[in-house]
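Here's the structure we're looking at; comments come further down.
Chain lettering (A, B, C and D) follows the sequence in which the chains are written, and residue indices restart at 1 in each chain.
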Amino acid sequence: MIKAGIIGATGYAGSELVSLLLKHPDVEIVFLGSSSQQGVVFSDIYPRYRGLCDLVLDESDIVKAAEICDVVFLALPHGLASSFVTSEILKKVKVIDLGADFRLKDVSVYESWYKVSHNGRAVMDQAVYGLCEIHRSEIGKTNLVANPGCYTTCSILSLYPLLKEHLVDPSSLIVDALSGVSGAGRSAKVANLFCEVNESVKAYGVASHRHTPEIEQELSLAAGMDVVLTFTPHLVPMNRGILATCYAKLLDGVDEKTVNDAYAKYYGKEPFIRLCPSLSETRDVEGTNFVDISLRIDTRTGRVIVVTAIDNLVKGAAGQAVQNMNIMFGLDEKEGLI
Amino acid sequence: MIKAGIIGATGYAGSELVSLLLKHPDVEIVFLGSSSQQGVVFSDIYPRYRGLCDLVLDESDIVKAAEICDVVFLALPHGLASSFVTSEILKKVKVIDLGADFRLKDVSVYESWYKVSHNGRAVMDQAVYGLCEIHRSEIGKTNLVANPGCYTTCSILSLYPLLKEHLVDPSSLIVDALSGVSGAGRSAKVANLFCEVNESVKAYGVASHRHTPEIEQELSLAAGMDVVLTFTPHLVPMNRGILATCYAKLLDGVDEKTVNDAYAKYYGKEPFIRLCPSLSETRDVEGTNFVDISLRIDTRTGRVIVVTAIDNLVKGAAGQAVQNMNIMFGLDEKEGLI
Amino acid sequence: MIKAGIIGATGYAGSELVSLLLKHPDVEIVFLGSSSQQGVVFSDIYPRYRGLCDLVLDESDIVKAAEICDVVFLALPHGLASSFVTSEILKKVKVIDLGADFRLKDVSVYESWYKVSHNGRAVMDQAVYGLCEIHRSEIGKTNLVANPGCYTTCSILSLYPLLKEHLVDPSSLIVDALSGVSGAGRSAKVANLFCEVNESVKAYGVASHRHTPEIEQELSLAAGMDVVLTFTPHLVPMNRGILATCYAKLLDGVDEKTVNDAYAKYYGKEPFIRLCPSLSETRDVEGTNFVDISLRIDTRTGRVIVVTAIDNLVKGAAGQAVQNMNIMFGLDEKEGLI
Amino acid sequence: MIKAGIIGATGYAGSELVSLLLKHPDVEIVFLGSSSQQGVVFSDIYPRYRGLCDLVLDESDIVKAAEICDVVFLALPHGLASSFVTSEILKKVKVIDLGADFRLKDVSVYESWYKVSHNGRAVMDQAVYGLCEIHRSEIGKTNLVANPGCYTTCSILSLYPLLKEHLVDPSSLIVDALSGVSGAGRSAKVANLFCEVNESVKAYGVASHRHTPEIEQELSLAAGMDVVLTFTPHLVPMNRGILATCYAKLLDGVDEKTVNDAYAKYYGKEPFIRLCPSLSETRDVEGTNFVDISLRIDTRTGRVIVVTAIDNLVKGAAGQAVQNMNIMFGLDEKEGLI
């Protein structure tokens, strides 16, 4: 059995990890850490887990966790993980970080978007961007995986084949995304109160959301050139789910068949990507690790429109983290996830 | 024009008052006070009011408000109003308190349920319980109205005719009530976050909710004897509305006609009470000052079941406050409300 | 592998059964029947199951299903199952009926509440009421289980220990229950449209809901005397979940400890019942087969208040059906459910 | 008093019209028509109006309505209004059609998108597109107003100043819009059931939605050239509201000030358009006739992003219809709306 620890276990992503790991046949949870609720029984915070996971929350200490775990998941506010993870830690334990600290290859880009200094330069070269479908082989060889953000997973996978195969104008990309409220986390803010969110929708972080550089980094890699795009997130009144509607201008001569073939080429055998004839809806992926991708060509304007749905807490966080763990430990990638 | 002020204007009840008073043909809002957001423009907190009410929030000071207002509404956490309202204030201005401080005639009952000391004993004899349909004539003669709670308005009006007419066993009363989340207020608490409330229902304050003594006070008055009952509030995932399902054992010989006649006797001419043949639903009173009452007899068990709907922020708070204001100023009771 | 069939697979309960059986290690789904959508691929109706269950829907024919199945689940409108299930069928296959047809021992009571004639009298003596925690041993010996209703599972389990141990006045029982909208089924009715249900609550079937005689049958058995009670269902704007708030008058001398001991006696070792110190919430049982029971004593009125949460589609339908299947086949009762 | 009739009164737009006209100081509702519910009391369908509007529904007959009304509102499925409205009718009564039949100047475009033949060619030259802020003067001179669609009102007003002032590349326009479920109407369809819509989002009508040619017609007029754009509607789980996020490529040299000045020029004095410094949210316009427009420049990509919120049933339907009525009758445009 793989011994697993979670630091930052009381947030929504941490709690979802508990749920998935409890069902995983090869994993035992041995450590739950929390800086704010140390000493509290986990199932007193989440009564849903009563009788299923009644561990007492330990402190938020990766050194302690590394002593008894084979893998440690970090679900922390940005800026903390880069201080916690050292070369010594990585010699003892595999680390999967659900936060942003190790996602951006260029630390100065990180510092510019996140407005904090990065303290993990020494281990950056070990960090692999954990978008399993794209970086699978490197994930299998490292001890430090930077689990992608929720919006980014959905956005990158939506557009990757188009850029990799040079089917669209890279300067024409727009990602318009909708997220359930769990994406905003579990901290007590007026803006996230039920009555502030319910029966309303809004855009936020327009032209400035921190997931933008992460999407651009990966799509630039795919395109072999610098890609800059517009990303607009919206908050919608539901607990879970992300729907990304992505727009790109097709290059001359690219037709529907070419587009479909490209997606089939890259995703046809992926266990967690479903190419859907009907338009994707978030309810169809709720609680699953699936990425439902649907494609439409707007012949009037020469655009391709990609509509993709994921569960932000599963493929967008905890599920992809488990998928990464499976790859890192050489397990069947679907283990515990289907 | 009546010059009105609101202290505690940034909560949900205060904001609803702004909305109602803006539409009232005889009222002008001249003072908005807030202890936490003094100096902020009201419509920056509630952009809904942009262009409609752009007053700058003043401090939470009743003395200052009394200088320029004809009526001051208080929408404050319990314990504050009883310190603010003095005989001097009441000589200058009419006060309508939306909080609990002046509702319970017996100050010791207040102190026992609310766990704070009461500082307004000197004006308690001027306080009238502002349930308009029951205390209309006294409301017209005082300068201090204690606006009833949301659950209590709904519960008392549901059962009042049954007790006043001695149709039921006073020891058999149960009120099982459902509330939208705005009833919990606008403070930043994890328990009221969207993801904590959405897609779930719960009971709370079982056998201990503070609205209980208020319901009992008024029903005891109606019955001419001490009434003790069970009151169970529940939180449901919607913004507004209270539905109270009330149970009482009919006395021998009381039939459906007797029951219906009693409600017609007390409520038949009330402008804001509708006796409904179909079962009441909260959506039908949303945004209105109506009280929708429906009655069913369970002949198998000898019980009457009263199902009543109000909007917790209107008839359960701001609307009833305006209704009280109308009575206090000798206006048509419906002014600004229909 | 147990070969399983579902007739009425396209309703919400049928779809939930598909979900649970797909995860069950000892079951293979071999037959899905539907009267309205024969010939359609199941995952075209529920894209959530794309790649997981792509069976073509067969006709709604139990004879055909019995040829290839070891167990057939029926999820049909009332009146149909009593025509389908014959002695010959029961010699070939185990049947678990999620509808009402075989739940009421007294067929005349069934016909009086459901307003249809009962065509299954010949097999009624084989029917066992499938409330696992109460009738486990009989379930293990029959081929025909009548899976209880959602409200009834929640209500009976809430009150059973009180009546079995004679701790309360049987004439004082009131069950006030809240249900998510999936309980209303998947047929196209204006009353169940999003905009009709959202942001509102209502009571329905007051003093007349068909689950009442089912609750009374089982509680009468427990009490050893005829029990008549008041049951009031409400519709709340959420997909899933039932919360039952149950009231009973304690007999003289019954205190909190006696009550708690009674629940511990009957439920202490039940794998799917959790006795909760904090008040039950439906979100904590969502997607699970758990029954979360919490107890409060209202010493002021001498009542016990039992607040119980289940997922209406799991313990209230498909989950309990799987639990029954596990018992009927001699499997671990928790198999595929935890 | 203006005597008003509504044909198609039982849909969501019709019901909203009733609500608005009841509050309008210069209007009396004298006729409500319905093809499906003739003879039923309106408030039995919408108990919300009990005591406020208890008219019996008449047949769906514009000739009959024209006899007693000064203005008739049509809220009908497309294809009906074009048969109902004749030159004779327009001599007797002003008509405001909330449907699509008279919106598109080119009848062949209508027939191609709506797949029905158009029977109102004879009156097409009298029809004025009732987007008040743009066609105010023509509205004042006609007896037939084609009230714009909900998505179109929001989309056109979002982009109009940019095209009118030639600030953006007309080939770069994308409108990505979110709508509450009332936009889908009140007919009984499985797709609009609560459990099908709640906790999910989806795109629909991608590259094919019928509001597209309406948006293109008006923006082409503004630009003085043919405009073709991509319009993507989404369904979100809330009752009301539309949020349009609109993208356009700025022409060289156009900066933020130029953009802001353009919006101020066209909308600065509009009573129902608010130019908002913070990003627009649908809750802030709920139940109002306001159009909240917010602007952001994405300097990295050279795009302007316009985020606009309306209430689909008010400014997107009934409210704009009342605004049109006010203009047609020479009343203050804000009458009954603020």
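Worth pointing out:
Just so we're on the same page, a contact is a pair of C-beta atoms (placed from the backbone, for glycine too) under 8 Å apart; a residue touches a chain by one contact, two chains touch by 3 or more.
Because the structure is predicted, anything quoted here is derived from the model rather than measured.
For the pair chain A and chain D, chains touching both partners: B, C.
Ranked by distance of CA centroids from chain C, the top chain is D. One finds 37 Å separating the Cα centroids of chain B and chain D. Taking each chain's centre as the mean of its C-alpha atoms, chain B lies 39 Å from chain C. As a whole-number value, the distance joining the C-alpha centres of chain A and chain B reads 46 Å. Within chain C, contacts with two or more other chains are made by residues 198-199, 237-239, 281, 283, 286.
Taken pairwise by the contact criterion, the protein chains are fully connected, each one touching every other. Residue ranges on chain C touching chain B, taken from their complex, read 171, 174, 176, 178, 198-204, 206-207, 228-230, 232, 234, 236-241, 243, 245, 247, 279-283, 286, 296-301, 303, 305, 307.
For chain C in complex with chain D, the residues that touch the partner chain are 12, 181-182, 186-190, 192-199, 237-239. Those residues of chain C that touch chain A in the complex are listed here as 46-48, 50-52, 199, 274, 276, 278, 281, 283-288, 292, 338.
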